[in-house]
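In the two complexes below, subunit A is the common chain; its partner is subunit B in one and subunit C in the other.
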Partner chain A sequence: MKGQVFEIMGFLVLAIAILAVIVLVRVNLAGSIGKTFLSIAERQESEGVRAGVNALLYSTEEKTGKSLLELIGVATYVGQTKIDFGKKVGDIDVEKEVQWRFDAIYGKGHWLLDVPYPNVSKDIQIVFVIDTSASLCDDIKSLALNLPDMIEKLRKSGRRVSATIYLLPGGAPCCDYTISCDKFPEKSYLHCTTMSRLECKSAINRVGQYETEEDWGHGMACAAESGPKEGWEKFSVRVGIPISDEITEGSECGSLSSFHCCSSNEATEQHKSLEAGITGAISYGVKVFPIKANPCGTICSYQGEPPRQQTDFTQLQCDCSSLVSDFMNEIATKTGGKMYELSSASDMPRALREIMVSNQETAGKTFTVGSDKPALKNIRAVTFLVPLPLPGIYTKAYFYEWS
Partner chain B sequence: MSKGIAYSTIVIVALLGVLMLSVWSYTQLSTGSRYVGTYTERSDEDIANSKLELAKKFLSQDLSYSSQEAALEIASNGGTLQSKTFWYCQNNPQAPTRTEFLYALSNESLSFLNAYIDELKSSEIADLGISASTYDCAGIYSPEISACSQQNSMNCEYFTSTATGEGLIKVTDPTIVSYSGDLSVSNNDNRIMWTFTRLSDDTKDSKLLRVITSALRDECTGPQTMAQKLEVAFEKACEHLVSVLDSDVQCSYNVLCESTSNPIACLNFDCKRPEFTQQLCFQSAQASSSQGLKDLINNIDGTSVKAQRGVQATGVVIQFLLTDTRYNIATSKELKPLVFNIWAAFNIAADQCRPIDITK
Partner chain C sequence: MKGQLSFVIKPITLVMVIALLLLLYQSISMSISRGKKIGETLDLTASATNILLILANSRDCLAYEGSLSKSLYANVVDVNRLNEFSTMYFNKEPECARNYNFGWEVTVTELKNTATNTVEGKNWTFGAKQFSSITSSTSVDYWMPVAIVYSEKTVSPGKMSIHLVDGELERVAGVLDWDCAMGKAGKLTKSSIAVDLQSPISYDSDKNNLCSGSKVKSCREMDCNMTFKNLDTGKHVLTINYVDGKLVVK
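Now for the complex of A and B:
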């Protein structure tokens, strides 16, 4: 009887021990192995996606010899997916290049690549070339009143803006001041200098008589060559702003008895001065944003001998207004800038603000290729850094893939 | 009794078996866990090494951008570090030597590359624990001169640049690894080497001035003014420059000074470059002697381009802009073509109809 009890208890203990082992194995061993397999599978999937994207981004596009990553960087930077690489290579549609490669690996509708534009803030260096004739009295006064504050505010908001003012040879006596650099107090970011002669390698004076105080064409060429006081920085946005109400070298041609508007003909000295300005600006990568002051209405200056107060522009200057617009539009268009036309001196701050804002690097569109991410799907994501042609600037590429 | 003991023994043996099985299972479980870690986690060194590889790739990319940007700038200068390079000065050809040209490219590339590296400190790359120090030398290696002298640029549309010296790429997170080797990249789709070589060869024989004077001679009996004749001559000069290069290059010019009444007024400045004596910081197989300067030839089909005494002359300072539309190059500002500028300052005789005997 006792032996039977031991026997039954023994089997009972054995059964419990076996059950315990089974439960242990079931819960821990199988679970752990399962987890191991799951982790490995996940890791492999994620590494697989990463390796796939890596291989694709570093693959070479045949026509340009550039990697897809470089092309995406350039496309993101220039803000367009179709890039003109010149006559031999032609246009490269980066979106299309990415599309067919990723489709081939991940399948159509199973991936998305998002590359947002980087938050770029480049230095803005401005050179002003200012007509110093009497008709600019009110405009220069407005510039002197507003420019320092405007730059200071931008600098406080983190924008690195600086300006160098070049006054063309001359300097008219206005009613309440004389046009000179005294109107522009020297600051670390604001400098003013008077051009004594318009002679520089880009614009060696033609021998002959002409007005220098309005010659903003040669003036722009020399200002672009000389650069701002601190010199052109390597990666800055370079802006040239001529301010005048006449064409280069003056709008009025002819003799005293028969003054008329100068011709817009390309052979004229006036147009050659403009061309010198355009060439000089282009050579130094300067975008020109001319500000056209109003050549009509009244001014207040002391002129003549003995000096006496004058209150009117000449009618001819007013009549030549459209010629001034043509000249200014030409230099703006050819250098990638824009002309601003003032109806009065009080418009000066608005024009300056617009020029500065338009030259801040603005966010371009996000480079997005692929399909929208589906809901309720297991999505694998990897992130890559994309280098841009700008030093120290990278953007991130976000890649999503799903089954 | 013995039967009961026998059953008990079996149970004890079975229990021992179960116990051993449990121990074995536990061991296996531990081993499995270890494998989970091994399989699914990357070591710190792996992570640091992959960051280092990333940094090397990005710095190589930066070197390429730097070299391309330097090429654009040096081409815009006319082949040297000077902002205006006069290839003809007072009627004498003075093309930059190959060494001077490579030196300029090397210096400018290095300057751009180190500017890129300086900016890394405040970039997202720095956030990854990656840092880099500046390099001492950027090497510029051109294809063979013989390839670049050909009319067809096919074999001379690239150059290689290297970064050597004290540059060090260092990763500090999650562990420290570093790379102190050199960087090297090939800069494709850039014809600066070809353009420079072709223009240098052309300048050795003063061909540009010969074309200008020849064109003036053709126009000598015409009723046009000297300025108009010069315009025609400059157009011909542009055609010549395009023929030296190819039809993908567009030529334009900018007359900076032109004076018949007082030629000295235009030429009263020093356009002569001193002899180039700097050493390259890299070994260049193609850095030849100043052959261009030694080969100065100032004769034009038996006539001299210099004005004769008493003959009306015109002083000219001109800039030729050669825009290579074949490739657009990505820069820190935009995509733009290579523009090679050359400046010339010369005094030209108005009376080109009269043959001039240079033997006198």
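Now for the complex of A and C:
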């Protein structure tokens, strides 16, 4: 009996050993063939993805004739997915251009393109449109004191900033100076010009009928059209800064005996001037960051006949303060800028600094198109260089694809 | 009783051991044949990829050459070359990307964006039109993205798709075309090949077509005129001679 038990056990051991050999052979053979197949297939696929991405990036956008690679470079350089190519071509939505091409090739939800915005300083071109009425005396003085130093410091740190100041027609005599370009000595990056009349293709102020020294609406339109002294650079950050304490063409309406705040109605001449400013700024890709000077409190200017020192704003100007905010907010919102409100002239440097900084911060942002990468999927990744619209400067792009 | 039990168990053990060994043998053979099959598929896929890469990136094929820089770009093809290829090679593979083991047909399709969706624009087709029957061939379909250059400023995205076939007709025609090319180059005058045919192969000297099949025939245009005796199914050894620009196959 004992012998038979051993015999059966021996057979069982033998059977288990043979089965183990079968399993081992299958796992090893199939595994090694499978691995080889997978690694070759993966290499083929990743090479295919790389070649495909290259081909797609070389394809051009119809209206501009620029390749997708160029457009991505410009978009990441300017920090916007929509690029303004001027009146003739209009806006190009780079995100949309990338989206349809890659969707058509790799399928919706199967790819992701990530291009970090490069940490390079862009040209920032600023055009100021400044109200030259007496109530701006202290604000213009503060601007003249701070602006040149501020730009020079930024330029020394590698930021390419330039400014052109457009003084609206007029020029009030302040207590210690007269508002004019003399306050802004010419430098390579700072220019000043007085607008003799507000007349350009997109805006005309009927001189004589309305205040020109406060017409920053038409002024903005003409400044955008004329551009800075050196002309608008390609793909620069374009900033327009109107400085005033009144609405376009002045806050006060009515006759001398019955002055009142002008209406915010869209049919008014004041609002039409604002609209001209908005249209002009948008046409030239200018973001408007209005600076609202304080219309209440005291001023120091020589006015009247014979000239005598004035020390107060009119109460009406102060009462119209919220209307000024409404006008300035409207142009800021519609052009992608922001309004800054000064409580006193000493706030001017802070406002200027904030405007310049807000137009430079791109670090940490990315140009991202496509879908989020899924978990637990085999993802093929390709990196490639994207040329920026600056000679010899590139940024890295990351493309991910999964099935 | 003990002895009788042992008498029964021993043959059973023997039979079961033999059965297990047979199972082991079968399992190993299956793994090997599976590996072979995977290898063949991989071979076909690799060949398809290589043909597409050659077509898209070779100066002799479709690659776009920058007019100023004279440089080539990855997977960027010239629309003029596409037009030429679809006219010149409407029924056979172009020489620049000929693979003498397989037959193939390539279609390049342009992609366009409309207001609502992406649609297919123009397309160009070239390469072989007919292939060995499904029973006597294996095939693979593969594609890769390309850019189609109309001008430096007009480049459209597109897809280049290939249908690659490994079949009797393609293999035999491949050998004969290869010998023809070698003969023309003065590098070869005689060779031989062993074939095991599942479909008969015939030659139409009027059209210079080599055809496979009996009732429904698939044909390929040959590079050289031939003297060719039709072949039935089964094993054959072909001797090929290149004589005065013509192949003599016996």
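We adopt the following convention: the second predicted complex is superposed on the first by the 244 of 403 C-alpha atoms of A that agree within 3 Å, B and C clash if a C-alpha of one lies under 4 Å from a C-alpha of the other, contacts with A are read in each partner's own complex, and residues count from 1 in each chain.
Operating definition for what follows: a contact is a pair of C-beta atoms (placed from the backbone, for glycine too) under 8 Å apart; a residue touches a chain by one contact, two chains touch by 3 or more.
Quick caveat, the model's predicted, so the values are computed rather than measured.
In the superposed model, A:275 makes contact with subunit B only, not with subunit C.
When subunit A is checked against subunit B and against subunit C, the one touching more of its residues turns out to be B.
In the superposition on chain A, A:389 makes contact with subunit B only, not with subunit C. With both structures placed on the common chain, the touch criterion links A:65 to subunit B and to subunit C. Contacts of A:103 after superposition on the shared chain: subunit C is touched, whereas subunit B is not. When both complexes are overlaid on chain A, the residue A:18 reaches subunit B and subunit C alike. Looking at the shared chain after the overlay, A:3 reaches both subunit B and subunit C.
Contacts of A:52 after superposition: subunit C is touched, whereas subunit B is not reached. Touched by subunit B in one complex and by subunit C in the other are residues 3-4, 7, 11, 14, 18, 21, 25, 29, 33, 40, 58, 65 of subunit A. Subunit A makes touch with subunit B in their complex at residues 2-4, 6-7, 10-11, 13-14, 17-18, 20-21, 24-25, 28-29, 32-33, 35-36, 39-40, 42-43, 58, 64-66, 70, 74, 77-78, 83-89, 201-207, 225, 234-235, 272, 275-276, 279, 283, 285, 385, 387, 389-394, 396.
Residues 1, 3-5, 7-8, 10-12, 14-15, 18-19, 21-22, 25, 28-29, 32-33, 35-36, 39-40, 54, 57-58, 61-62, 65, 76, 83-84, 111-112, 115-116, 118-125, 188-189, 248, 254-259, 261-262, 265-266, 269, 317, 319, 321, 324-328, 330-335, 337, 341, 343 of subunit B are the ones touching subunit A in the complex. On the side of subunit C, the complex with subunit A involves touching residues 2, 5-6, 9-10, 13, 16-17, 20-21, 23-24, 27-28, 31-32, 34-35, 38-39, 42, 45-46, 49, 53, 56, 73-76, 111, 113, 118, 144-147, 152-157, 159. By the touch rule above, subunit A contacts subunit C in their complex via residues 1, 3-4, 7-8, 11, 14-15, 18-19, 21-22, 25-26, 29-30, 33-34, 37, 40-41, 44, 47-48, 50-56, 58-60, 62, 65, 67, 100-101, 103-105.
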